[in-house]
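These are the structures in question, set out in turn.
Note that subunit A is present in both complexes that follow, paired respectively with subunit B and with subunit C.
Presenting the complex of A and B:
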């Protein structure tokens, strides 16, 4: 399949597809970060994660509309405000869901799966009824449009670069929060031994609620970033949920580095193959590869030893 | 129904339950519903096979598979491939550029029947394949995972991913599988036209008969020593392992059994509805099949049938009149059945109704699968 292309063309193809893969990587990683916190740290399967992401995307869309109509002079920076609003909206919804539903189910992980699937159906229908079934897209501010030409054959989009930068920033923030702050220490303590954590005075219920809220909030930010590169519809979240779970499981559920590495591997494999095969076959082969590796190595790529 | 009276694996209340269900499905529904509605019930009953498999696999053994649609689909596709080949005889397809192959292959410029289609010229081989292909597939998945002690949540996610992969594969390989439309325009089974109303009524009764055979099989598994090991394994896996049992083998077995039951349902679905498509394979149908089982009561074999009928009946009537409400209702059902009624209809029956009907519960129901909530 390589014979039709010259060597420099092949190089450019790999760079361009690699770049497309990096954008996919950013989306995967942003979604997987929230899930890695909720699933990896708390052991809760949140099938509605995609819908929390879509909520963030809708918030971003409405913020952009608001700025477009009332504050056109500040349109260039609307995205940063939208991102904060998306975080707050998704996080608040997440905390409400934790309080109403998830906290009753911590001992039954398989049942959280079904309950959150129900939640995702409800949210999808609510989005469809409230925001309409049509896909919506935001208008990008001027500085985010266009692309950089690195060579004749290679060009990269600025919005893609922006999403990547954002992903890196959020990943670093999450890593600091989880591994360098006292709150992160409390979260990890609760994960490792809930009873003992409670005994030394950590309010485990509060930690649970905040952790779940944080995971959902990050999903909201992911949705916000997602609007920069794609359009949003009521069911868009469901398209990503399986991939995201595979990313988290493949990386090793408790490991942040693992999540990053697996998001990178999966997205690069998929986008590189997409050029040579049809999109569906690329996806099939990637997912199949992940499934087979997981069958051989069920603990995922990176393992942190936790005493259970 | 030769099992009335003394029976070695059915308790008295089980016999009563089976007879009541048999009267409902064989006598009451065919007499009260018109042919069109009865076909709907027949379609719903094919899902009951899946729910039945899930009762054994999830309720009793604690293995939640979110990929039962895969097995339902494989069974259905096996049957559809046979029917399609019969419908694509050379004289039926002489306008094609390659006569004698299914129409969608011709549209996709395939000139020769692919090798994996060839066995489906033979009816006996098809019948074997309907059960063997999904069971073998389940064996590979189950063997790879249970031997490595992967279970619970990870198993659920991976089976879900397999459902996603198979759907994408079927949709993508249009020339070999019929793509997103599936395999359509099925006409005859061994020369017998399956499209007439009379044929559909016959198929309904075949489906009911098969369902009862599967129900009896499920009761047999449940009451055998195997069934008790499954429950013990679900509640305290390590203790069963320390007692010298190879836990993985039991899990693989029950997973394969559930797959085979789903596949029979899938094949009956194809026969009654007249087509098979990837929309019955993917993530969404697979997880909906779990809810049929959960609504009926994940520990109740008969409950699975009632749950399937009820949810599907609700789905059909709601989506006819209020399509927006249906998703809300289904979502609410998922949440309610988990939070409020973890034992589904069967739990409600056992707690509130059965105690008032003395003749059904001569002895207190001592279900070996009681206290499922503690299962991890």
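Presenting the complex of A and C:
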């Protein structure tokens, strides 16, 4: 397939393809981060993760409409405000859900799967009834569209760079919060032993609520960022949920490094195979690979050593 | 899972209707005698016994039809427009005197984007409600699910979506295009006016895009001069990452990207194409899966310059269409857009009315027989005619997407294209 092309052409295509893989990596990591906190740290199987993302996307849409109509001069920077609002909206909804539903289920982690699946159906129908069944188009400021020409042949997508930057920033923030702050210590203590954590004076309920809210808030930011590359509609969250779980489970549920490594492995495998095979085939092979590795290593790529 | 839940519900609902039916019996016989008077009052209303010999839900003043689309679930995004169009057509028919002097009353059921639900609701509409016709379905999967029901209980379905062909039934009128009507003229056009020689075929991975691309490939390889397919690729439904294939396209440099991607993937594809610096004013892209409805989600600025091959565009400049668009917006709001399928759905009730009036009867068999040859001159897309194979003769048009979300019509076939659901040489 490459015989007809010059070396420079091939070189630039491979550079762009490598970049495509990196974008996919950032996208996977960004959608998985929120779930890595909720599923990895709290053990809640949150099937409504995609719907929290879409709430962020809708918030972005409404912010863009607001700026278009009332503050057109500031339209160029609306996206940053939209992401903050998305974080607040999804986080607040997450805390409400935790209070209403999840906190009653900590002793029955498998039931969270059914409960949050039901929640995802409810949220989808709420979006459909409130925002309408049709997809909405989020308009981007001009500077976020198009691509940078590094050379004649190598073009790099600006929104891809944006997602990459955002992913790096959020990953660092989460890592610091989880492993360098006293709040992170409390979260990990509650996860390891809820009773003892309570006994030494940690307000476990508050920690749970904030953790769940944080995970959902990050999902909201991810959803907001994905308006640049995907669709915004009542059921669009379903598009992300499978990949998200795949990344978190494959990486080893409780490990942030594992999530990063697994997002990297899956995205590189998929984007390379998509280039050489067809899209459907690449997906099949990726899933097959994940299944085989999980059969050999049921606990995922990385696992925190715990004495059981 | 769902079939277990449904069982008791279904049982109790049939029993309820049965009991209601029993209690209505005396009332019905009373009505039978009193209805002599309205019959005399309306001279152009033939007696019910004469126009309805098979026990459909037809009274002297009313006829009941069904609307069966998804208003919940994934497909609601696409099917909402069809429901709106069908209700508009029914409204207009009622305002102009109804069908054989009877007002149309509709019963709407929700297929909920779930194919077994479609079959169950179809059965309900035909068996319990005795609907004289049903306007509905959108995906091929839902049509395939209800087809045996319509054939078993002898109902009449008006199906609005452009689809892959390879089907024909006495009990279905296909008001959208079958695949060859949508594909061949578009390929010929792009070959002739753009000098296109190489094609890259893309699609979502299910029956319609695969069958359509098969027809496209056969046409490119066997029926056009010096043209070839340089790539063909499918993506799972809901796929959101297209950067790899976009790089492949950049490498192969096809004259035409031929895209049949649907749903949320569509949005991702065009946004990423734009972000990757592919300028659709220089790179020709031809699609058969993007209507005004889809552009709403994609965003006009992301797809401007792409060509779409359809039979109807909202921007069509003819008096029928202007009237239709005005009426549609008046009923459903200034911001709604009208896509190809929405218009095809609008044809359903009208074609049914004309078939009933031509047959002089609501009987399904007589309508099926009377349908071929029916001409509808007031169609928004222009003149259409029903073919003996129950598909429509219609023109094929190519529109160029604009930033405002509308299409500019750049080509239209001079004649109506004959529907050919079983094309020879394309299988």
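By our rule, the second predicted complex is superposed on the first by the 292 of 308 C-alpha atoms of A that agree within 3 Å, B and C clash if a C-alpha of one lies under 4 Å from a C-alpha of the other, contacts with A are read in each partner's own complex, and residues count from 1 in each chain.
Methods note: contacts are C-beta pairs under 8 Å (C-beta built on N, C-alpha and C of every residue); 3 or more make two chains touch, one makes a residue touch a chain.
Note that the structure is a prediction, hence the values are computed from the model and not measured.
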- prompt: What is the contact status of A:187 with respect to subunit B (first) and subunit C (second): first, second, both, or neither?
  reply: neither
Just to be sure I read the superposition right, which of the two partners does A:128 touch: subunit B = first, subunit C = second, or both, or neither? both
Based on the superposed arrangement, let me know which partner A:232 touches: subunit B (first), subunit C (second), both, or neither? second
Touch test for A:278: subunit B only (first), subunit C only (second), both, or neither? both
Quick check on the superposed pair: does A:163 touch subunit B, subunit C, both, or neither? Answer first, second, both or neither.
neither
Next on the checklist: After the superposition on A, what does A:105 contact: first (subunit B), second (subunit C), both or neither?
Outcome noted: first
**Prompt:** So, does A:24 touch the first partner subunit B, the second partner subunit C, both, or neither?
**Reply:** second
Dual-contact residues of subunit A (subunit B, subunit C) 125, 128, 238, 278, 280, 283
As the complex stands, subunit B meets subunit A at residues 64, 66, 141, 144-145, 148-150, 152-154, 156-158, 160-162, 164-165, 168-169, 171-172, 283, 287, 290-291, 294, 324, 327-328, 330-335, 337-339, 342, 373-376
Subunit A residues touching subunit B in their complex are 43, 45, 101, 104-105, 107-115, 117-126, 128-129, 238, 242, 245-246, 249, 278, 280-281, 283-284, 287-288, 290-291, 294-296, 298
Counting only contacts in the complex, subunit C reaches subunit A at residues 71-74, 76-77, 80, 205, 232-236, 238-241, 243-248, 250-251, 263-268, 271-272, 274-277, 293-302
Note: in the complex, subunit A contacts subunit C through residues 5, 9, 13, 16-17, 19-20, 23-24, 27, 125, 128, 133-139, 145-147, 149, 155, 157-160, 226, 228-236, 238-240, 270-271, 274-275, 278-280, 282-283
